[in-house]
Structure formats: C-alpha cells, structure tokens
Amino acid sequence: MSHNNFGHLFRVTTFGESHGPAIGCVVDGCPAGIPLAEADIQPFLDRRRPGQSRYTTQRQEADEVKILSGVFGDSDTPGQVTTGTPIALQILNTDQRSKDYEAIRYAYRPGHADYVYDAKYGVRDYRGGGRSSARETATRVAAGAIARKIVAGVTIRGALVQMGPHRIDRAAWDWDEVERNPFFCPDANAAETFAAYLDGVRKAGSSIGAVVEIVAEGAPVGWGAPLYGKLDADLAAALMSINAVKGVEIGDGFGAAELSGEANADEMRMGNDGRPLFLSNHAGGVLGGISTGQPIVARFAVKPTSSILKPRASVDRFGAEAEIVTKGRHDPCVGIRAVPVGEAMVACVLADHFLRHRAQQGDGPAWPFAR
Amino acid sequence: MSHNNFGHLFRVTTFGESHGPAIGCVVDGCPAGIPLAEADIQPFLDRRRPGQSRYTTQRQEADEVKILSGVFGDSDTPGQVTTGTPIALQILNTDQRSKDYEAIRYAYRPGHADYVYDAKYGVRDYRGGGRSSARETATRVAAGAIARKIVAGVTIRGALVQMGPHRIDRAAWDWDEVERNPFFCPDANAAETFAAYLDGVRKAGSSIGAVVEIVAEGAPVGWGAPLYGKLDADLAAALMSINAVKGVEIGDGFGAAELSGEANADEMRMGNDGRPLFLSNHAGGVLGGISTGQPIVARFAVKPTSSILKPRASVDRFGAEAEIVTKGRHDPCVGIRAVPVGEAMVACVLADHFLRHRAQQGDGPAWPFAR
Amino acid sequence: MSHNNFGHLFRVTTFGESHGPAIGCVVDGCPAGIPLAEADIQPFLDRRRPGQSRYTTQRQEADEVKILSGVFGDSDTPGQVTTGTPIALQILNTDQRSKDYEAIRYAYRPGHADYVYDAKYGVRDYRGGGRSSARETATRVAAGAIARKIVAGVTIRGALVQMGPHRIDRAAWDWDEVERNPFFCPDANAAETFAAYLDGVRKAGSSIGAVVEIVAEGAPVGWGAPLYGKLDADLAAALMSINAVKGVEIGDGFGAAELSGEANADEMRMGNDGRPLFLSNHAGGVLGGISTGQPIVARFAVKPTSSILKPRASVDRFGAEAEIVTKGRHDPCVGIRAVPVGEAMVACVLADHFLRHRAQQGDGPAWPFAR
Amino acid sequence: MSHNNFGHLFRVTTFGESHGPAIGCVVDGCPAGIPLAEADIQPFLDRRRPGQSRYTTQRQEADEVKILSGVFGDSDTPGQVTTGTPIALQILNTDQRSKDYEAIRYAYRPGHADYVYDAKYGVRDYRGGGRSSARETATRVAAGAIARKIVAGVTIRGALVQMGPHRIDRAAWDWDEVERNPFFCPDANAAETFAAYLDGVRKAGSSIGAVVEIVAEGAPVGWGAPLYGKLDADLAAALMSINAVKGVEIGDGFGAAELSGEANADEMRMGNDGRPLFLSNHAGGVLGGISTGQPIVARFAVKPTSSILKPRASVDRFGAEAEIVTKGRHDPCVGIRAVPVGEAMVACVLADHFLRHRAQQGDGPAWPFAR
C-alpha cells in the first residue's frame, strides 16, 4: 500500500471526495475473461449504502456504479467479460449538503482528521470530510466485488460482533441472521440489544465504537509468503486503512497473549480426504504469514464517529479556541457499515495473494509434498 | 510490503535462514551524509541478542553486524558517513545445532509455519525454522538502527506490558526500569511477577504469549497520508509481519470499541507555544492515517512459542500422524525479545514516512495553516 | 512501471479504451497547494488532439478534460488548488464509429497488437484498437500538464526531427517554428519537405515512421539515482511505453557508439556563477543516471501506423488466412502527435524524480560540496 | 525499477561498491524447487570477468559467487534447490588498488558520474568509481543466471555488433563464433577488425563505444502487458540502467522511423503447427508491449569509457579547474563486457514477465482463442 492504491498484483487505486462530482477506483491486474457487469457489483454497494435504517446516516445516495473500462461484450461474447485491462468504476455523488459543514470550515473536530489534513497539506476540502469521508469506502466495496470473482471459491462474510460494551454470544452465531437485522449481527438476541442501545446513543447525540469480524472460508493452504509478503500483514494493513479502525486481530489475536504454547497450538490429524486436518483454529487460518486452509478469521475495532452533537473543546485554523458541535447526517455507529467494507478489503487481499501465489508457484506443489 | 522487503522510500530487504551461512539486509533509500558505523547498530542488536538471561533461548550468537556497502570515510571525512547508496548489513550465523531439528525434519510443529511452508513451496529448510526463524528479526533491528538516525528527533521505546494473564500497572510505568530487568518491563513489581511466572512456564516445558507496547515521541504532525498510505496501516503491517504477532492496536485500539464519541475524541486547546495541544491521546498519535504530533502508541500481541516440550498431536509430510515434542533452545516467551524488534519496525516505518512526507510537501506547510 | 501505472511518487494510473464511455487517469502524489483547474490541462490536450490538419486522423474528439477529485477552492482559497489527494481526470469518448472495425473483428492487423492481445487475454475490444489505441495517450498528456506544474522551473519541449528518410537541419532549429507548422517541426524548410512527403504517403494509403526529440531545460544537477533509479532508465521506460515507439536515446545515443572517450566526455570549466559548466552535452544531461544540470535530451523512434489501406497478409482468430486492408481514420504519421505525448512523459518522469530527490536529500547538498 | 532494485515479481536488489568489502544482490520471488548451486551461476560470472584478454581491464578479480540463503539440500533432496525465500549472493572484492584513484579524489572525470554523485549526495566513494563502477554489473550477471533457470525454455544470447565505426556483416552471423573471440563478436572477420582497431585505441590511451545486441528465442506469445507493464518498456529500462548505455532499440528500432507501414508490418500466415507464423520480425518480437512468440531482439549503445589517458579539462569539488588524466586499469571498450550483462538483464526481465503473466492468466488462454 502506498499513496492511494493498494495491492501488488490485484491493485486498486481510489479517488474522490465526499462533495466532489464523483468517487471511483481503477482496478488493475484483473485476469481476463471473467464475466463482469454493473449488476455484479451493485448488490455489494447496496449493502453498504447509507440511509437504509435509522441506525446509519440519513444521507441518501444511490451509489450507482458505472463501469468505464476494462470489459467487453459483443454478439460473440455471451455476456460482458473482463479484458485484462484496467477496470475503472465511477459512482456519482448526488446528495450533498455542503452548507452542513460551515461550522467546521475552519474548526477541527476532535477525533477527526480535520487538523492533520490542514497541518500536512495546508488546504482541505472540509465538506463532508473530503477525502477522509467514509464515503470513500464505497469504492473499496466495488473493488471487492471484483476481487470476489477472482477468488470465487472463497466465501467471505462479515459480522458485527461487538457494539460498545455489548458482545454477541458466539454460540448463537448464525450467518443467516446477519442479513436479517440492520447491524449485520449474527446473534438475533444481540441484535435486539444493539437496537435498544444504539437508539439511546443516537438520541443522546453521541456515537459508539464496535468490533467487526470477517471470516473467509475456502482459501487453500499456501497463500501468503514470508516475511513482508505475509497474508496477515497485508490483511492488517488493509483493515487498518479503513476509516476509524484502531486495531486488527488474526485468529485469537490479543487473546493469544494469555495462552500457553500447548493451548495455542492447533493440533493436526490426517483427515478422511488424506490431507492434514486441524483440530482447532487459534491461528485464524494463518501461520507464518501463509494460509493454512482453515477459515481465515480477522477482527477489527472501529472507533466511534467523531462527528457528534455533544460539544467538545477544540481549536480552529487561526489558533482560536472553540466548542464544536457537529450537525449533519452521521452514523451513530460507523462500525455497522464497516462490515461490507471489511469483507471487501479481505476479498481484495485474498485476490492479490491468489495471484501472487500463482505467479511464484503456478499450480504446484500438491500434497503429499515429499518428493 | 511485498516479498521480502518493506518500506516505500526507506526500503529494507532482508535475507537469510537460521542455519545458513549468514543473515542480513539491504537498506535502500537512506539519505547521504549520516554518520554510520557498526558501533551505531551493534547496541541495538545486543539488546535483542539471545542467551542473555535464563528467560530467553540459550542459543549463543554474537550477532556481530558488518556493513558491506553504502558508507564511506577517509581523512577528509571525519568519521564514516552514508553515501546514499544501498547499505548492506551482514550477520554471520555461528551457533547452529542442526541435529536438534531431526525430530521436525518431516513432522510439523502445531502452531508453527512448518506445514504451510511445505504446502506452499514443496521444500523447506527445517533447521531452526529456516526462514521463519525469529533469528531473521535481528536484521530488522539492524535496519531499525539506521532508521533511527534518519528520524533522530524521535524517541522510540518499547516495553513488555503483559505476559500471559499478568499486566503491568500503567501508573507505575518507568522507562528507566525497562533497562533494569530481563523483560523490558516498565513496572518493577510486574517484572518480579513476570520472573516468577515465567520460571514456572519454562520449567513446565511450556511457553506463554505477551503484549508489547511501542511509543514514539517527537514525531511532528503531518507524517502519513490518506488512505492507503496511512501511517497506522503501515505500522499495522510492519508489526504484524514480526513472527508470532497476532494483533496490532493503535492508541486505545480495541478499547475504542467501547467508547462513546465524546470519550474517544481527544479535545484540543491552544498550547503556550501557539500550537494546538491535545488534552488526551486516545488516538495514539494518529488521526486519518496522519500523525498528530502526539506520542505514537502501538501495541501488538505475541503468541506463545510453538516449540515446546509438551507433546502435541501432529502429522508429517508423508501423511503419518505423530506426537511432537520440540527440544532445542527456545524462548519460553518470545514476546520479550520482540520488544527491540517492535521498536525497530516502528523506526523503519517512521523513517519511511518522514521521507515520503518530505517528498510531497517539502518543508511546508507551517502553522498557522491559513493562507 | 507496472500494470497500468507508472511513477514512484508522482504516480499515474490510466484507464480506458478507444470505444468505451471514457478514458482517464488518476494522478497520485501531487503536492498540495498547487493551483490547478481544467484550463491548465486543456491546452496540452488541444495540442495532441486529432483532426486539426489533414496530416492526422480525422476522428473529431473534443478531448475535454474534467477534474473529478483532488482539488478544492472556496471563497478563502483564491482559485482552486490541489489538496494532496488523488486527482482523477476524465475525458469522454464522443466520436466513435465502431462499425469501421468490423473488418478486424476477427482478423489481426500485421504490425498491430491485435494478435498478442487475443493470445494473452483470449478476449479483446477490437473497436478502435481498444486499450492499445493511441487515444490512451491523451491521458498521459493530461497527467503531464500536472507534472509540469510540479517542476515549474523546467521547460519541456518536443519536436519532430525526422519523418521517414527526411531529417531536419539541426542548424536551423527554431523552437518558435515548432508551433507554426502541423508537424511540430523546428525547421521551417524541413516542415515543407515533410508536408509534401506526407501528402504522398497519405494518398498512397500508406504510413511512415518518425523520430521525436524532447528537450528539458532547467532541471538542476542531482535528480535521478544509481542504479535502478536512474533518471535515464525511467525516461527510457516512459518513452518506450508510448504506443509505436521502438527506440530511445539519451544525448548522443547510438551515436556515442562511434565516439572515442575524449570526444564523448563533456569537458568542464568553472562558470561565472561559480558553478561547474559543461563545454558540450554529449551526455544529454544525464551521467550515471543523475541529471547534470544541462538540458536533458531524449529522442525516440516511432514506427509507422500499422492501420493502412495497403493490403497485407494476415490470419484471423479462427486460423484462417486473410488479406487485411484497414479502413477507418488513422494517422499517416503517428509520430507527429507523439510530440506532446513525449513531452508529457518526460514531465511526469521529472516530477517523480524531483519528489524522489527531495525525499532523500531534502534541500541539500549545495555547491561547493566539500564539507 | 526504483532505488537499487528492479523487477516486480522476480525482484533483484543489488549492493556494493568497487572498493568495499563485497558486492552482492538479493534475488526475491524465485519459485521454489529449482536446482541451484554456485556452479550454476559461476560460468556466467566468468564470462563477464575482467582480465581475460588485453582488451579488457587488467583488474584481476576471481568474482567467486557465494549463495548465502534461499537454497536447501539434504540427503532427501537430491542436490540443492531454491526454497522460495530470498536468495542472497555475495562476491568479495579482492583486487583493489585504491591509490590509483587519488587523482580523482577531488576532481571530476568528464563523462563520468563523479560530479553528479557529489552534487546529489555531498559525499562519494571515489575509489574505483564506488557505486557507479562497472563492477556492480557482476551482480546483475549473477541474478541473470537464476532468471535463466526460471525461463529455461528461452535461449538468451548476446553479441557485439558494432565497435566504434565498425559494424559486423549480419549475413556472417554465427553464434558459435561469439565464444571464439574476445569480443563476443558473431562475425569472425569483424572480430579481426575489432582486434586491430581496439589495439590502436588502447595504445592511444583512448576508448571507444559499441553496440550490443541481445536475442531471446523461445519466449511464447503473451508475455508483457499494456501499457506501463510493457515488455519492451521494461527491457528499455533494464538495459538503460546498465552503466554507460545511452540508447536502446527493439527490433528495427530507429530504423523503423524510415519505414512505410507496409514495409514495417510483419505479415502473418498459418504455420504447419496450426499456429500463426510471422514472415518477418521488424517488431523484434514485441507488439503492443506483449511478446509475439518470435525472437525478442534488443540492441543497446554503450558509450566509450570516460576513464582515459587523454587529458581532459575538468574541475574539482573545490571549484578549481584541472586537467584530468585517468590512470588505473580500465576497459578500452566497456561495451565488450556489457554483452553478458545485457543478456542477464534480458533474462531478469523475461523471468519477471513470465511470473507476471502466470499470475494474471495462469496457463490460459490457448490457441485457438475463439471461445
């Protein structure tokens, strides 16, 4: 990752601000011949789209994606496919209320990137957070939809597992439940708790943090590489690059600090398919930076939105002190909409590592490894 | 990060296995004219060096660094300085007992990278973990010593803040204490607890996880960049790339998930120096991927060593099931020696971002930012 | 350079096909605070625009550029400036006649990329050359306009110095003349020769090659780096990446193969400004991969357009042999419009190296270099 | 390419100066399981080694390569193979006469990188050219030997085709002759001409330029990519990065500027093997940045050595004017030893593009391309 792009072979470059004409991305390195139309991308954008419940920002954006390049179809090509050239995606900004941001035109929201942007660049698009707006994450989701097609055998799903002090009951985990509540919560009871709790937060003009978990099932053993090409290092960067993320874990994560060696080590037996089988997954599907074939499990912590109605002490760009109250339309728990974003980032990292593995090792080696 | 190098402008490429002739690295992009001799690097290697207490592996390695290129000194140059060309560093491997590893020649240690290396590459240097050995981290420490010289105004220090279930008392934090106990522990009482606890772990032939915290003080506001050039995303990748690391946090990290917006937002006032002053540091010195000028605080979780004397169920490369007991000389708490490694990685990331910021913005802008 | 982007710090990613909805690029890494509006870019596009004389393709494209992101202006910001975030540029495709390309829907134009695209990707947008169309060069020109602003002290100009067998008289070189004829030719007499010659080529349904020379004046000594960061290596890649280019020279280029050491070496004296002064410029402003402070001189050879009315033997994707005649609207000498493209590529490389130099060395060192 | 490394997936990082302890490189991204020992690399170094005839520098260097990492062999592994981890190669410097360079300690050789290094870095290792020494090219040759193993089906050979004003007779081209004369010249008569001519140059204390041609046979259609991942753009950069190179051509190169479209276009017929067959190779095996399956032909111009006995006007780092005569042991025609270096660079580029192609497209598509 550097500048505004990430990925080594499956490379995504994003652009755009909250209140400019459009946001978008260029997806480079996609294999040719993959069926791809707007309809393959739109459903993922729709999942992330704001304004779908009272628990997210009321900004109304169609978030309609348009493919500008990199695909081709004609009467000989049944459907439209990728051509191997860069795929440019564009989403127009439609629902902008720039005047909502007059209050922060010069003043810095505590906890927000306002101050550091000014300090670094000497200029900033204050409308809607500009480049630092969560709106940019729509382009990640769009890129992720393409990535999913490259690693079609991998199922990548995310869920909200904690909101403020409330955690889900992992024993109650039900992937189907994730699509049934407005929190992407896999535990129906917890979803109710979240609802009541977040209503209180929202009415108080406050906001709250959350933890998101992403699980990728179906990746084979062997993706990733030592030591700076580690799959988990790339996952960590990818997830930490999402707005408001302050922590990333793989497998047991910080919990591993409390484990003994024997408790942490995932024992192995031979499976019925003649391949090694793990008896547990403390590793979260990654050992030595390389996928083990088990589900890849990553979690990330999302801090509370800094745009709140509670007054906070701040300063402005002229050096005057001020009290800031941020009106406008903000997510009381930005972690909710981070779920599809996290999925997308994991998909992009996996697509990149699939291509990187194929580059170095082709189709080999295969079990048993002994020559 | 990709392959075996990391950094965009301050770029480090490492090489070497535990039981090959040497390990080393090439540090590329270092500015010219910086005084640099082996004596500037060796002390940092000595801090990481094994065999210095009964709490680390008893392998005895001099870890003597030799600079092979990139520096020059003559009678006109008072001392030796960097020339702006690549600096190659080499550390010979001296204390190798390859026969210790016969037991894992074909069998896979649960929790270790043995299996995935074989699965990916079809071949692996089983002696001492080969490329996956913690020995590689010596080269990171060496590179970090050079990075520190580039960001000489930044003080980068690390400490062990948790060992297994035992956490330090943060109120008792004393940086001087870190150098007085074999755990890099900043709390004298906790160090005693760690000692007793780890003696038990070691005698039981087990191992235990830990949490390391790195604090970088003195970095100015403005390093880092949105959105994929985020300082914290690069820190996350750099720390996650260290062997055995399973989680990374910036500032409050996962704790931020439990905070309200008003509790999390670091309020700002004007300081006596006419510059903005933060009243707290929940952000850990990074907002929107850019340094705030506050101390940069990163934490990472280190899992327990998987090479233990406790028998664990496993398989070998021929598909046979086995019980594994790993003899040899291993760290009962590899998190201890991860402290100087974590410092080094943070130093490298900061040096890289200092150069990246200087590239884009030169010396400007300066406060006040308003034109 | 890799995939569809180039540049290390000033990084350009381009996208788009000849007959898709739009072409464009994302310019990443641009310093903040640089005044930038469409009007700064459009004149360069207009110079490259087709259909301006009978000597270029008759396709009529407005080539109107739109900035989608990365700039900001308000009542406090006099004019619009770059914000340091990615600048996305878009140019709509307007004058497309896809049916012109039915003849090459399945057949491969000899000398064109048709065959290799199919062989690599298994699919290709045959309309107007798709991604391999010279139309993509418009995005390079747009990016170059931004690059010029970063290295505002450097004057970058190009000229057509050879068309087929006809070379200019270098003694007659007049930069003002370049803008006075449709060939960007710096020699008025040669321009007349070119005109008569190209009329014959065009009427014959043929095409012809050319040589373009780019001169960059005002770059200081010190840009570039040994050995794989060489300024001339990046120039070579950048110019060779332009469609139809088959050779690149710096300074005397292939002529240097015929020179003795004493003839080739540019002697040095002290100038009146107390700085070294070169007495000649065989080096073309680059020694050891680093700029000397003299004008940087690069030349590149452009092959003749492969889309011609002369029948050529070919095959199609089904393995049938065919005679190909390419109708449509093509440049009889694509080298002409390569002049502004070459200028743009040189500008981008220089901007990148300016930033890279500033990263590593800041403002130092300064003459005299002796400490 | 950037800094001191090149290649995207097959990545080579080199280090070392002429008069430091050692030079070397790290080769990253090599597939695992490839047999590799020093004996596979040494013959290529021996071909480049100086002091083998009176036509090259009399410096005596064993240029003995040592593999420090990235390979493994034991009783189960018949021979030693690559492990997929970074391969570090080291060559000790042994025959150094630093005092030869006292004359240029402060003074700048015209035509050499002395001045620009000082101007950029403020410091320089003047002994033997330091980092700018042709000695660095040994590491390229070593890396190239590994690259050849990755693209084992491709035969990569080079030859000297011009020395000063003397060109070979292409009709007399005989690859076997290349190994029979000290010039890598494929034309026996030309070799005699070169010998007599270079004796005169050498005795006059002068030097002379040359042109080298590299031919790679056996690469399939499909390597490379539009537009900034072009195979020929990478070849241009790789060859231009070799010391003293001032020009690069692919196929007809600058000659293409004089051709009509019909003369330049390589016509196609169906071959007996059912695959397309080209009737000529003006393109030099690359169209649209992608290999055509024909021989890949690249040429580069090497300027004369700037270290000559003829006195030249210069200045020193204190601003004094001087006459420079460079004693020491220099190549009268450095182009000769550039032949194995050019081969190595082409091998590295091809290996990189083979991996890049395999990443994106795997084993597909195959002829016929029509679905």
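The letters A, B, C and D name the chains in turn, as written, and every chain counts its residues from 1.
The definition used in the following text is that contacts are C-beta pairs under 8 Å (C-beta built on N, C-alpha and C of every residue); 3 or more make two chains touch, one makes a residue touch a chain.
These numbers were taken from a predicted model, which means no experiment stands behind them.
Enquirer: Roughly how far apart in rotation are chain A and chain D when fitted on CA atoms, stated in degrees to the nearest 5?
Expert: 180
Enquirer: I want to confirm something about chain B and chain C. Since they are copies of the same sequence, is their interface symmetric in residue numbering (over half shared, so same) or not (under half, so different)?
Expert: Result for this pair: same.
Enquirer: Can you name the chain that lies farthest from chain B, using the mean of each chain's Cα atoms as its centre?
Expert: The most remote chain is C.
Enquirer: Taking the mean of the C-alpha atoms as each chain's centre, how many Å separate chain B from chain C?
Expert: 44
Enquirer: Report, in whole Å, the distance between the mean C-alpha point of chain A and the mean C-alpha point of chain B.
Expert: 26
Enquirer: Hey, what residues on chain A touch two or more of the other chains?
Expert: 3-5, 14, 29, 32-33, 77, 84-85, 120-123, 131, 225-226, 356, 361, 364-365, 370-371 - these are the residues of chain A that touch more than one other chain.
Enquirer: In their shared complex, at which residues does chain C touch chain A?
Expert: 3-5, 9, 11, 13-17, 20-24, 26, 28-29, 32-33, 66, 68-70, 72, 74, 77, 81-88, 90, 105, 120-125, 130-131
Enquirer: Which residues, counting only chain D, touch chain A once they are in their complex?
Expert: On the chain D side, the touching residues are 9, 29-33, 76-77, 84-85, 225-226, 355-356, 358-365, 370-371.
Enquirer: If we count contacts the way the header does, which residues on chain A are in touch with chain B in the complex?
Expert: Residues 1-6, 8, 14, 106, 108-113, 115-123, 131-132, 136, 162-165, 201, 206-211, 221-222, 224-230, 232-241, 243, 246-270, 274, 276, 279, 282-284, 287-293, 301-308, 310, 312-315, 317-321, 335, 356-357, 361, 364-365, 367-371 of chain A touch chain B in their complex.
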